[in-house]
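Two complexes, one shared chain (chain A), two partners (chain B, chain C).
On to the complex of A and B.
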């Protein structure tokens, strides 16, 4: 989000899922779309099969979506900036850039050109492992079509260079004029049902709802008036990764965690669990006794999504109403009611008859949500923000005639190798992700029989050549060791992963790969790297 | 038996489906054919999204850790204990000794109220969620 906000002025999917039907080219980078966003993948697949859209996939693994690709670039892990800069270098050398668009809608192009000069196909081919001719074809296909969409996910953002990766995607799109019209744009795919909404609502340390900065005195005044208080803090707070570090130092004494499981999803999760255990006081509010809840002083039982009404904002900025389908489970309370209860007891009364009243308040204090009212959501399939008033139909694609920040800003980035690369002691590069049959830390999916039947336990994907060298067969148990810990799991031998790279997931609490991953973060977005070096031996 | 339109709780695609209810329990899922994202289809996780709702391991009571032991508590006792501890730490170590983690799986209204509680009630901007993970 920080990357897109700096270049465009708004950190969200620029275009819509429905527009994929008419796209001519998809450039998918760092997204295992078929398994992680199945219904978005099915749109792409239909466009490829029925309308001859071209598909370029950049991913170290030969994922299902990569198998369908016109061009699959299995680039070296962490070489994304070099790859994207290399494509832009070729585009400029060949004169495929959108000169008029660059002149009228962007700034800082000369600086970009200067940096790109150094990303010759020879050098980029060496860094990324991708053949020069393949780079040229990918650049040509993406640049020459009128309707090219970039799609990315955590494979781009979960790196120390994550913000640089995102900015480089944005540079590529602006260079070719592929932002601000239908079926184009730079499109981050959100991994959870309301990541977009949680950001939009200001569950972030530096902004109120609608990305209004906490450091802005005028904004602070508006919220003080709306909330009837007079001493809101104008100092930006800590991000999750900084909170964990502050917890270790003893600066954070208490945490209140609602509906999240950082004891499993944090990188180097043994460290995260230690920090949580050492707090003076930990509150966890969830529907199950998660690994995080097991560490809490007080656990509050919440109602599930089906037991309450509320709105969610999907990856294309579509705010939708979800209705109450079944009665509240005995003994539980919907999260919004719990918050009202705790806040009122702490001396700041909160009282709402229903989520409809809360949405009313959101409409009043959030310019981009002002026209997204309950009545309109109740009678439609949702509205896409920005939607500034009740007459407005919502916004399917952003940055139409100008960028949210005015001119699009080319922020040229340099390639830097990842923080932990394989060496003699730890010769394999570990990457992590999800599988299609499980979700995140498994709190929900591991309780669904059919999903457990398909993917019941942790495994490590490995290339057959590596397996032969280590004398392993499919299902052999191995010890995986990183600088932070050791785990044991069976190998799954597959050609879908390159040599010297292994893959595993963080779904399984009894064998959580995040015990091994690295807690090195992007200095801007504070997103962790996860990928790290490991050694593997037969046991 | 009734059917109610909900938003899928998993990834960010934002598919919608109808939950089938029988005797107060969720017993099935039917896709919504007109929905602009899902258009009558769902992935395997979505088709089974009703199953975990009824799972016997659902938490049914607040719980308090008392020394080494964990015991059930009433809502009043549990929330009193929370408020007492948070206010005490705030008093002794300052507002920014508290931290709040919201959720990318909960509603907009709940995220809004949670950040409002961190900021207006406890006077800290130490509020974030797990979008980065």
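On to the complex of A and C.
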């Protein structure tokens, strides 16, 4: 988000899912698309199998999408910037860059060129572990096609270098002119059904809805007027990871957490749980009694998606209406009603009759949502922002003739090794992710019998060579230890993961991998690293 | 033989609704046509190919089968009178096929049987294929039925020509909404049948594919290669008119416990996983093979006909282009 906002001026998927059908090249980095975005993956699969589109996948694991790839680069964990810079180096050396596009639509190219100079194929090959010839083919395929799409997910953002990784993707796309037209662009695949909508609505520390900065006096004035108050803060607040640190210091004494399960999902989650326990007051609003809710002083039972009406904004910026399917369950209330009641008790009366009222307000105060009205959503499959007025059809792809910020900004980044790399004591690199049948901390999916049948417990994926060295067979129980904790789980031996790397999921509260992970964060976006060094022994 | 004007269909169904629950194809939204209760009020006379087959009327997506607290109560086993209007010939054939399995001697499924016994059917023959994925002819069927219906309608433009196939069909025909047919109608039906046979062009070649499977020519590698694009969504199974696999689970509610069954899919690994963790169908390719061998090979061996009726719903639904049509075509490329 922060990375794309800095380079393009807008942090969201630049293009649309439907455009994938006509793409000639997909460059997928840090996304296990078939498991995590299966329907988006299905578009790629059809384009590859039926229209001969080329697929380049950069992922340490040989995921399903990697198996379908024309080129699969299993690069060293945390070497994304080096890999992307290396591809750009080759593109410039070979003269495959889009000179006219660079000249008319971007700035700071000379600086990028200067940085890239140092990313020779030899050096990049050494850092990433990818053969020079493979790097060259990938660069050529991506650069030479007219319609190349980059897709990425948490595999590149959840790093200390996350913002750098995203900026490097943006640099690569601008260098080759692959932004601002159909079936191109830089496309972050969001990890949750409405995380795009939550960001759009200003559930971030530094912006109001539609990414309007809280520090801007004019914007501040507009919201003061809309809400009938006169002292809104003009300082950015704290990010999630900052809040946990502030909680530890005692600077934050109370938290109100809605629909989030940091007791499990935060890296080094033992630390997170300790912070939550030490708060003077914790309120948790959720549909189930999550691990976080169990630590709360007050739990506010919310209604599920099926019991209420509202909108979701999906990964392609499409706002979609969701209708109430069943009555509100006894003892619960839709989130918006809870918030209204709490706010009213706290001295700021909120009175909305329905979510339609709230959407009306969103339309009034959010330029990019102005034309996304209830009536229009009620009669369509949704609208893609920006949609500035009620006559506007929505925007399938961004940055058409110029970038949201004007000129696209090449922000050259340097490779830096990840904060915790394997050493003698902790010789394996642990990476984490999800499986297709479970979602995040399992709050919802672990209550569904078929999903639980398919993926009932945590496991540790390991390469057969490592397994042989440790004298493990499929299903052997191992102890996994990091600098922050220890867990026990069975191994799953597979060639899909490289040597010295192990993989596990964060779905299972009885075996929570985030007890081991590291909470070093990206200095800009404050997204944590998650991957860390571990040792493994048979038990 | 009688006839019914198309603008009389809705009044006829309303009349039937007095004694039966009436289901007919209705648009849930602008993409999904489903069998829904007439009372939903969205019936516009259009009889297309529904997204999910009529099996949902007999074997719903989710169904409570037992409730248990102080006592155990079997649920959804009472006979219920329904009328399924607008079933296509392939679906009716699929229901007859499913009957054999669900109401076998000694292992009858009471939840299915109760609904089946109470259901009467009005089949609408296909003048031309409702969609370009229809291949019933190739699958050994026909776009109309010779028997096995209570009433069959033939679309003659402004009206349907109605033929009864049972006592219940005769009773329906006695409704005042039907008119006498003229002497040309018999010939019209024959014409419609003839044209319907000619109008179906989709012919993936099921017979040849069956032989290929019987001869063991489809290797593991063949299936794994196809399965490499399967995203394991189970959609093909859910829309299939002859797929009847289900999962059973218990849920707690405020007044006790209930046991439900829901559609399941043999494409999911856990479906064949044994308690030990061993899975006789360990890979996606082996599961894909299982599904298609079941329909195209073992059903043919056991029942003398394929379990695929050629309705093409799986090819409509599959997001990666891996329905029966595509599988058959791939088998024929071997």
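To be clear about the criterion, the second predicted complex is superposed on the first by the 539 of 539 C-alpha atoms of A that agree within 3 Å, B and C clash if a C-alpha of one lies under 4 Å from a C-alpha of the other, contacts with A are read in each partner's own complex, and residues count from 1 in each chain.
Everything that follows uses one rule, which is that a contact is a pair of C-beta atoms (placed from the backbone, for glycine too) under 8 Å apart; a residue touches a chain by one contact, two chains touch by 3 or more.
Values in this document were obtained by computation on a predicted structure and should not be read as measured data.
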**OP:** May I ask you to decide whether A:311 touches chain B, chain C, both, or neither, giving the answer as first, second, both or neither?
**Re:** first
**OP:** Name the contact category of A:475: first (chain B only), second (chain C only), both, or neither.
**Re:** second
**OP:** Check whether A:50 is in contact with chain B, with chain C, with both or with neither, and answer first, second, both or neither.
**Re:** second
**OP:** Could you look at A:38 and tell me whether it touches chain B, chain C, both or neither (first, second, both, neither)?
**Re:** both
**OP:** Mind telling me which of the two, chain B or chain C, contacts the most residues of chain A?
**Re:** B
**OP:** With the two complexes superposed on chain A, say which partner A:538 touches: chain B (first), chain C (second), both, or neither.
**Re:** neither
Original post:
Between chain B (first) and chain C (second), which does A:118 come into contact with in this model arrangement: first, second, both, or neither?
Top reply: neither
Original post:
Once the shared chain is lined up, is A:465 touching chain B (first), chain C (second), both, or neither of them?
Top reply: neither
**OP:** Mind working out whether A:436 is in touch with chain B, chain C, both or neither, as first, second, both or neither?
**Re:** both
**OP:** Would you sort A:64 into first (chain B), second (chain C), both or neither based on which partner it touches?
**Re:** second
Subject >> Intersection of the chain A residues that touch chain B with those that touch chain C >> reply: 38-39, 42, 330, 436, 449-450, 454
Subject >> Interface residues, chain B side, partner chain A - complex >> reply: 4-16, 19, 21, 24-26, 34-38, 41-45, 48, 50-53, 55, 57-65, 73, 75, 78-83, 85-87, 89, 93, 95-117, 119-133
Original post:
For chain A, which residues are in contact with chain C within the complex?
Top reply: 34, 38-39, 41-43, 45-46, 49-50, 64, 67-68, 330, 436, 449-450, 453-454, 475
Subject >> Of all residues in chain C, those that touch chain A in their complex >> reply: 228-229, 231-233, 247, 249, 254, 262, 264, 268-270, 273, 277, 319-321
